[in-house]
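Paired with chain B in one complex and with chain C in the other, chain A is shared by the two complexes that follow.
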Partner chain A sequence: MSERRIGVFICHCGGNISDYVDVAQVRDAIKDEPDVVVAQTTIFACADATQQDMVQAIQDEQLDGLVVASCSPKLHTFTFRGVAKRAGMNPYLYTQVNIREQDSWAHTDDPVGATEKAIRLVKAGIAKTRLSSPLEPIEVETTPKTMVIGGGITGLRAAIGLADIGLGVYLIEREPELGGWVAQFGAMYPHERKGRELIQELVAEVRRRPSIVVFTKAELMAKSGSFGNYLTEVRVNSGVPDLIHLEVGSIVVATGFDAYQPEVGEYGYGIDGVLTLPEFKALIDSSEGSLTYHGRKVGTVAYIYCVGSRQPEGNAYCSRYCCAATVHASLKVAEIDPKLHQYHLYRDIRTYGKYELMYTESRERGSVYMKFPEDTPPAVARGASGQLTVTTHDTLTGGEELTIPADLVVLVTGMVPRRNDTLMSVLKLPIGSDGFFNEIHPKLRPVETVVDGVLIAGTCQGPKNSSESVASGLAAVTQSGAILKKGVAELDPLVATVNTTACTWCGKCEETCPYAAVEKTSADGREVAAINATVCKGCGGCTPVCPEGAIDLRGYTDAQIQAMIENLAEVPVV
Partner chain B sequence: MSALVDASLLADIKQFGAADVSACFSCGNCTAVCPLSSNDGTFPRRMIRYAQVGMKDALLSSKELWTCYHCGLCSDTCPTQADPGGFMAAARRYAIANYDRTRLAWTMYTKPVLATLIAILLAAFFAVFMYTSHGPQSATSLAFFQFIPEGLIHMTGVVVMSLAVLAGLVGVVTMARGISRREGSRRKSPRDGRAPGARFWKALWVALGVESLGQRRYRADCATVQEERPWYRRRWLIHSATMWGFLGLLLATLLDYGLSLIGVKATGTLVPIWYPVRLLGTVAGLALVYGVSMFIVDRLRREGQAAKQSEASDWTLLVLLWITGVSGFIIELALYLPHPPAWGYWVFLFHVSVAMELVLLAPFMKFAHAVYRPVALFFWALAGDEAKENN
Partner chain C sequence: MTKTLTTAEASRRASPRVLVFSTNTISDPGIDLAGSRHLHYSPGVVVISLPCASGIKPSWILHALQHGFDGVFVAADGDECAYLSDCSVRSAGIVQQAQALMAEHGIAANRVKMAAICSVCAEPFTRQVIEFSEALAEAVV
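The block that comes next holds the complex of A and B.
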């Protein structure tokens, strides 16, 4: 290959790397490598100013290859591809070398060895870059339709949003009726409108849009194809089960949450008069004039917060919506009966943002808030006299034990992930340790998943209130629009390619491909393999099984890998 | 021991004039700014918390309730306008009503119209009761004890005082048992060091001498907020004038009775104005009337946090004391007039009736603080003494 002009930047990572790896020594070791025209160290390669310096260096030195030796490619591949792009260089001429996770952090006990390893890793990166070639993204036409899974408030609002930006929508709901949780709610904060009314409005809006097709009692059973062009299989159980096939460009998953169900005996659950928050809200919504339970007027209510949330064992997360929902419920109760006594036993109250005002109002209306120490949770019992009591400690009164006689005890139960094994296996979405679906990045890519074109919204992603759920649903609308409104999708060009003259069609690649991206085709009258570039994920599984060496992975060609190994091992590879 | 929560506690205290302390979020500004709350002090914040939570027993057995003199700094600085000072005053009223087992105090505090009616009818009863045994009204000199027999007044007075003392004692015992139970459970170290007897006497001296008669903490309390007031308008001073005046009159009455017992001077004998007992009565009476009048002026002008909000119970005490004091002076005036006026007899009857009523109602109204506060201060002194020893 002709001479290349490669720039190498070696990052200190503010000490994360340079505390164990002698970065200056690494630079000295590679600066005279063939084709290397720029060799620099930098405190933070990802810093804006450094990126600017790199752009300058690429332009000044007319570089046609870039190596950044820093952290994991998971973190900053796109950052430095962006640097290359801004400098007018093809982004696929960039190579990231990981000398942090794979070196400095792993060998804190051996700085000399770590430095030696860094030199070899960087040399390997240079060798790979030397053989790199410019690549262009693969463009595919997309289907301007989105499937929304889940007909709760998030899915309904997302469906309307999608229809309004001109996309076709298939709204899939497992239950016989649309509406989800919110359809069961009475007045909601902060606007005091009834949940069922909101849902009725949304459903009416959905019905008004011919581009939205609703399937109730329906479940997604299978998905094939690729980003921009998915082929789905949906089972609709209207009378006789019916399998229908729908083509969509993207999928919005809005399958919602389940309410935490306490064990019998957990904070007295199972005792008559001990309710969960959803049960209590239903009781409030059905009450007029006075709050009654089993025909008896309720005089005192005690709430126990964080049941099923923030547990040392079990659900460690905060369910986020319950504090404000309970405080709001207490205001409803105060409206129904201003004389009713309400005790809120909490570990921490988080009526964040504007909802703080509700907390203040609730206190001013006589609700008493008592913080109990984490290690002495309240105990609920029904005594011999039949009186329901809660025993607790109030940190603000010096920790004396208090016994509150209550007519009702409300366990403020949080959200748990909704179990849906079929959907999980069909979509192969990653799930966090908490059981909720994971986004790619909580701040920067909050509704995208690692499966391209499959977006998550609402409480299937984690606890949210309905405002936040709808907001994330609309984010998914925007993201679907960004994918589908262009009409074409750009796919990573790092896919497998077949040298048809070498290929003899043995079929081994087809057997090994986990994505069904290999098809049999004919070239010059011979049967050969062809790779569907839109389906191929670039995993590289097919390349080593090809007996003829006819398959190469773009960006990771056999020649590149071989050159890397030679530099790592410092012996020629046969 | 688990404390049973009384959910209606706060609503009950509100009947006694508390501002709405629901707004309080226990920030503790009040405790920080309070000139009388010590470093490890928790009042008034914790008193409010007891009320919010419904810890009735804890509130009623808190000596801290009575170590506050309502300077009002806490109410001035409260970020939620929960008026901690006003709350403490209301909680003390509530406590007086609770220490009383007859519920009469509760009625006197929470039903102003009925309370006024009771006050008027009771005075009328005493007047009618004594008038039914009246003798002649001498026109040559004001012979009060011919008009209303001395024995009758004496006997009525003894009965009324006994009743008042009995009611007061029941209240004091109720309160003291509550506080000592609470203090006992709080006490960490065993009693050691100084002999219990000495500690007892020292605490008693602090409670009655230094604090009640000397008003040390009251003075300290006022020092922080009332610099702009002339010395003769300071709250501790007008309170002292009232208290010393009342005690002086009590002493003069007792001395008068004692002099007649040992045959030096029969009760009712006209004596010159400089006669020691007469002089003591006159000076004490002036002090009482001055103090009470100033309190009335403060309350009418709503000057200072303590006088901003006046309950019927505040007025009842002031009015009864004022009437007693002023009518006493009118009698004195009548005595020294060259021609004894006939109205002197009626003023005398009025004065005696109101004085009787004042004594009889004392345990059931604001007057009761005169016994409850020293008891609380006794426990406060005892605890303070202990704290010093433990250090």
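The block that comes next holds the complex of A and C.
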């Protein structure tokens, strides 16, 4: 093995690391490791001045490997790859070692143990770097167009945003009309503007932009190609179904949600007068002067919260928007008829942020809130006299049983994932345990998916209110712009690679890859596997299935991981 | 000269060494969070993070156990995997293959353990590695 010239920088992070890890001892323990030519401690590795020192060290010492032992790689991998790049070193010869979140902070009770561990971690990082190879990002030219799937409030706003940054847009809507759920809504919180009016404005804005092409009654049926250059097949069902082909660089999925539909008998659903929240909102929106149901004036409404949400069996998640939507509905009811009695039976109320003020106002205007125990939910019945009743236990008055006569019972139902098997099959988007589409990371990459260039926004990724949905739609616009406006996209080269000498083409790697990144090819007259680097996601799922050990994942090669294991297993003397 | 060990030192010396395989976007952030919240576990626990638990080679688990680790803990993606919808099944299969390899070398199957650790699973991770370390320590005794 040829000799390497590796620089190692060990960070104090102020005192976040060095209060518990003896960083000088770590430096002394690794400075004589083979190939290490620079070993330094630094107060803040990420500081501009330190980065400049690193650039200087890389250039002066002609380093071909860089290790920074500091915080989590999630925070500064790109920072130090940038340092390497500025110094003229290939950025993939850099390794970040986490001695803060996974060492000093986890072992504040054991400084000696934390120091020992830091030495093992840094040695493993050096071992990995020693076996690193220069890699180049995979560059692809991109098509400056985006497909937006879903013409609800999120998709409409995203389409406008995309057009305004100079991208072409194909807006695909399955239904005959644009607008989605919000087009059905009356006054919405917090601005009291009607949903259908908001949608009319957005649709008018869409029509005003010639770079947006709208297809209604249309569905995505197939997608091929790769990041930056997808070829899609869309079926448009206007009279005779027609298949059209559209080239796009990115796709924004904004397919929305379905409302939870209770089973007959669930909290009395099926009894006349028991409505879901969407049914009740439609009743409010159509009411003028007084709230009536089947021609009878409504005097008492009882709301039961969390129906279909936060269930041990079924939907475990909180649907997030329904508390505020119900409190807002109760304010609309109070506007229609201030004397109407309203009882809110809840497990927990979460009108987060500024919507807390609506909750306060609702109470001031006469709504009564009662918390029921989780294990004793309210029971809905219609008695022999025809009176609808809700029986509940009021936790805050010692669990007293109360029976409330009601003209209407509203089941506060939440959002559930919208089933769309064709779309799921075509896009191969990962689904979470809750059934919604999964982003890569909820905080750091909230609208990106593992399928490069395919973004998710709005309620297809989980319950949101409309303003949160639009915000995520605009995040997808920004992300699309970041991908497509340069005209060229760089893909991370940490993808699978085949040792064609060892490969005997058994086809197992091709079978196991759901992204079709593995193809059969020939080398020296033999059938062997080849990886399409622009399609490979870099998961490494193909590496353990190869009986010949012929596949490696760049950045995580067999040799690198084995060397790391050996260095992590060594117990240093401290 | 006889040195009196502190409680932490005694605990560390008795504590088994555990290699954790985590995943870059799911379980590793959960492990980071455990540290950010100063939840304590043994410094004998060290982590190698990979893109996906389905990319762990069974031979790596054997390699670790043959090179001095007392146990290997796979902090898997569970159903949250952003790459592979069948990641749980795949990673369970990898652990089974590793156990078969371990059996060939006379290594007890319970020296490898897998559990799903999510990106905010700070307490579950800490609990899992403490319990696993304790179980390994008892097995050694």
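By definition in this document, the second predicted complex is superposed on the first by the 368 of 574 C-alpha atoms of A that agree within 3 Å, B and C clash if a C-alpha of one lies under 4 Å from a C-alpha of the other, contacts with A are read in each partner's own complex, and residues count from 1 in each chain.
Rule of thumb we're sticking to: a residue touches a chain if its C-beta (ideal position, glycine included) is under 8 Å from a C-beta of that chain, and two chains touch if they have at least 3 such contacts.
What you are looking at is a predicted structure, and each value in this text was computed from that prediction instead of being measured.
Novice: Identify which of chain B and chain C touches the larger number of residues of chain A.
Specialist: For chain A, the partner with the higher number of touched residues is C.
Novice: Should A:402 be classified as contacting the first partner (chain B), the second (chain C), both, or neither?
Specialist: first
Novice: Under the stated touch criterion, which partner chain does A:394 make contact with: chain B (first), chain C (second), both, or neither?
Specialist: first
Novice: Is A:370 touching the first partner chain B, the second partner chain C, both, or neither of them?
Specialist: First partner only, chain B.
Novice: For A:271 in the superposed arrangement: first (chain B), second (chain C), both or neither?
Specialist: neither
Novice: Tell me the contact category for A:221 with respect to chain B and chain C: first, second, both or neither.
Specialist: A:221: touches no partner chain.
Novice: One more residue to check, A:488. First (chain B), second (chain C), both or neither?
Specialist: After superposing on A, A:488 lies clear of both chain B and chain C.
Novice: Please report the chain A residues shared by its interface with chain B and its interface with chain C.
Specialist: none
Novice: If you look only at chain C, which of its residues touch chain A in the complex?
Specialist: Result: residues 8-9, 11-12, 17, 19, 24-25, 28-29, 31-36, 38-44, 46-52, 54-60, 63-64, 67-69, 78-85, 87, 90, 94, 97, 119 of chain C touch chain A.
Novice: Hey, which residues of chain A end up touching chain B in the complex?
Specialist: Per the stated touch rule, the residues are 299-300, 341, 343, 363-366, 368, 370, 391, 394, 396-398, 400-405.
Novice: Touching residues of chain B toward chain A in the complex: what are they?
Specialist: It comes out as residues 1-5, 7-8, 10, 20, 22-23, 25-26, 42, 46, 49-50, 52-55, 58.
Novice: Taking the complex as given, what residues does chain A use to touch chain C?
Specialist: The touching residues are 72-74, 98, 100-110, 112-114, 116-117, 120-121, 124, 430-433, 438-442, 449-450, 494, 514, 537-541, 543-544, 549, 553, 556, 558, 561-562, 564-566, 568-571.
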